[in-house]
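Order of writing sets the chain letters: A, B and C. Residues in each chain are counted from 1.
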Amino acid sequence: MISIETHNLTVSYNRRPVLWNIDFELPTGKIIGIIGPNGSGKTTLLKAIMGLVPTSSGYVKIFDQDLNDVRSRVSYVPQRESVDWDFPASVMDIVLMGRYKKNNLFKRISKADRDIAAEALEKVNMLEFSKRQISQLSGGQQQRVFIARSLAQGADLYIMDEPFIGVDAATEEAILKLLSDMKKDGKTVVVVHHDLQTAKDFFDWIVLLNTRMVAAGPIEEIFNETLLQEAYGGKLNVLSQVGDLMKEKAFDVRES
Amino acid sequence: MILGASAAIVGCFSFLRKRALVGDAIAHSILPGVCLAFMVSGSKNPLYLIIGAFITGWLSLLLIDAITRTTKLKSDTAIGIILSVFFGVGILLLTSIQHSGNASQAGLDKFLFGKAASLTKDDVYIFGTIALILIAVVILFYKEFKLISFNPDYAKVIGLPVQFLEFMLATITVLAVAVGIQAVGVVLMAALLITPASGARFWTDKLSVMILIATAFGAISGFLGSYISYIAPSMPTGPWIVMCLSMLTIGSIWFAPRTGMLAKFRVQKENQRKILIENVLKLFYHLGEKDGTFKKQRSTSVLLASRDLRIKELNRGLHLLKKEHWLRKKGDNWLITQSGLNEAKRIIKLHRLWEMYLNQRLKLEPDHVHNDAEAIEHIITPELEKQLEKELNYPTKDPHESVIPYAE
Amino acid sequence: MEAFWIILVGSLIAVSCALLGSYLILRKMAMVGDAISHAVLPGIVIAYLLSGSRETLPMLIGAAILGVLTTVLIELFSKKANLQMDASIGITFTWLFAIGIILISLFAGQVDLDQDCVLYGEIAYVPLDLWITDSGYNLGPRTVWIASGLLLLLLLFIWKGYKGLFITTFNEEFAKALGIGVAFWHYALMGAVSLTTVVSFESVGAILVVAFLIVPPATAYLITNELKKMLFLSSIFGIISAIGGYYLAVLINGSIAGAIASIAGLLFLIVWVITLIRKRQPI
């Protein structure tokens, strides 16, 4: 069974490709790391998978279908820094957002929704904080709230952007335990991660990325000196020059 | 004119420091200062009014800074609070003065929309002097201002008195606004700071040139606006100045070379032309490759059958190629020339080299590389071509086992 | 009775603005609200010229069109022409406002709007424009009805759209990932801001609407961490400003709208200083 398939996926900013022809198929029921140096397009890849940035070529399939047909089965955890934590809301308010759907937006929040949200908070050990204002949370607690919101969606596939960055040891442990529980339930988790040291212990499967895909596969096959060297050994010279040319000459990856 | 020009110069720095709307707040904050100065001094002497304006202008800057530092409010909200409250106080004072029936108040409401055309001689001297001082300060501190606009951290490292310079910059901004208000009034002052700088940005990347162009925009608009309001006295000066400025800037967005919209459209058109003729040329090569000879004449219908092209497009491409002497027309048929063949070979070679590159370096399957190469073949420069050849070690075949043609 | 009507209209408008303004602040769009409030002017003038009267409906339509056009223009400048956001806002609203003023001067004879009214409104005339039915009933000032209608509409919008506004304001990307139409909520809010601006326009003028939109919500935001409380408190601050403003204006014989903005600013200052003292934080 395939969770995410990308086919020749190219994503450009101002016509310069930041991801070139990404082509992979990820399995289900695994914890999958997307790993690469800074500026290698990890976050962009997640956003492209979630349809948040326009793609210049290729396509993404989730559970062999269009994203729009399986949205309820996919959950996205954005980077913690992407929102303003001074926002006037309680932890519960945020987690309840996970119960929002396109077709229940005008309906009131139900008791069932609240129960599910409380359950999700319990899973990240944050239930006692449910009435706390989000501006009073620590970085690790913020991250756990974000993950609880995602859990409340009750999806099969979870896509998380840097959940381990800037969190305390307790949070890291809590998230790791959660991930392995989710795996036991047959869920798939895709995690963008920047730290090579810990990657080996965290993931079953990895995708090595540096504007192009260097390798993808089970960790024991991929995590070796040669491939890591290739991923972290800088960008491909010709590739980035062609990218610069495309921006300069306003050229698209596909003939229009 | 001088008023417009001096505001435009100062505006360049605000623009580059991404503090464009702060000028708007200063402009609004000046109104209560002017009114207070009038109430205290009881006269319309521009010197008093400018001092009043200067004080509240500075106060607004300090308050915006204090609000963003000590609360969770963001800078846009802080600017909004300051500009609306100060303006509200200003309006309150102004209307109060008006209702109290003070005979000499008549000039004060000119601050709202500006009336450059009706300034008295004394006014002109005072404002002119201040404007010239502003210009002199900018010229004197040009290098330092440039540095703190682009790279304040670096300026600190090399030991520039950053705080003093920021203070200077803020001071001349407040002064420029106080003076510029004479021309366009409180409400539209922001335009005098922002619009010329934004327009000038399209013409150049160099700060000195940008300042010159922005100044020219400011001066031209100042002149035109005053002229319009001079020949048609019912026309307000300020709005017309802003109108001229906006037109100049919108014109810049369209017509500036390289970065303008039209230039971008032209590049698009040029790209499309290039793609079309190169694709048609490739057709001849592919057909020739299949038949083993490039000397065969091809009819339009044969060409159409081998590639998904509209007939109009194809005909346009064929005629463009004829002009380049890469094709020759024989009756109803077309024949590729030797120079055309060389060109076709070059494109085919780039296409297949790129396929090879994607296959080897990006480890793409051979059946995934074609679409990309279709686009990239049109853009690779001769230098990149050499690099590609070398990096791939002069391959002879592409991933589909087709021969890569090298020039003899 | 006059004072009552003026304070009532002022309060109705203040509450409407405070509700919308809370969302503008949280979306970091305070200056976009400022821009819209300036930019609706040409829409009002054109509607006035076309319809030849001060009818409410054409003005609402004209202003709403211009309001949305403003957001579109700002986006065009910033995305297509790669200008920084604050500069695009500045260019757009000054340009549109200039057009509005020029139009007023151009058709000065035909348009019963003057520059002063544009700037700070004529809330004092509210009680004069009475709505009298054909059968001769006096239903009170027309503006009161319009402002009440607006407030009801906004309350309905915020009540029904609470979840939508909440999620798109806090985390747009997450909303998008859920398949929620982010653009719809953006334009709905902008449309609401334009509507509110034009209704407030006659009473408080194009520019002081900004004070109503930004200052009370900012004050409320300083002392609460809950969205619902923020909405409630900013409405309260708005009403206090309206009442206080009226009496201040009477006291020193000045513009009522200006006085309301001044009181709103004073409230902000007091709350700000109190929070500073409680945090024992020097400025």
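The definition used in the following text is that a residue touches a chain if its C-beta (ideal position, glycine included) is under 8 Å from a C-beta of that chain, and two chains touch if they have at least 3 such contacts.
Just so we're clear, the structure is a prediction, and the values are computed from it rather than from any experiment.
Interface comparison, B-C against A-B: more C-beta pairs in contact at B-C. At the far end from chain A, in terms of centres built from Cα atoms, lies C. The most central chain, judged by C-alpha centres against the centre of all protein C-alpha atoms, is B. Centre-to-centre, using mean CA coordinates, chain A is 39 Å away from chain C.
The distance from the centre of chain B to the centre of chain C, each centre being the mean of the chain's C-alpha atoms, comes to 31 Å.
Chain centres here are Cα means. That of chain A falls 35 Å from that of chain B. Along chain A, residues 135 each make contact with two or more other chains. The multi-chain contact residues of chain B, meaning those touching 2 or more other chains, are 72. Along chain C, residues 28, 221 each make contact with two or more other chains. Across the interface of their complex, chain A is touched by residues 26, 28, 160-161, 163-164, 166-167, 169-171, 173-181, 221, 224-227, 229-230 of chain C.
For chain C in complex with chain B, the touching residues are 25, 28-31, 33-34, 38, 77, 80-84, 86-91, 93-95, 97-99, 101-102, 105-106, 108, 115-116, 119-120, 207-208, 210-211, 213-215, 218, 221-222, 248-249, 252-255, 257-262, 264-265, 268, 272, 275-276, 281, 283.
Chain A meets chain C in the complex at residues 47, 50-52, 68, 71, 74-76, 78, 82-84, 87-90, 93-94, 97, 100-102, 105-106, 109, 133, 135-136, 149.
Against chain A, the residues of chain B that register as touching in their complex are 72, 264, 267-268, 271-272, 275, 279, 357-358, 361-365, 368, 371-372, 374-376, 378-381, 384, 387-388, 391. Chain B contributes residues 15, 18-21, 23-24, 66-67, 69-74, 76-77, 79-81, 83-96, 99-100, 109, 112-113, 187-188, 190-191, 193-195, 197-198, 201-202, 234-236, 238-240, 242-243, 246, 249, 253, 259, 261 to its touches with chain C in the complex.
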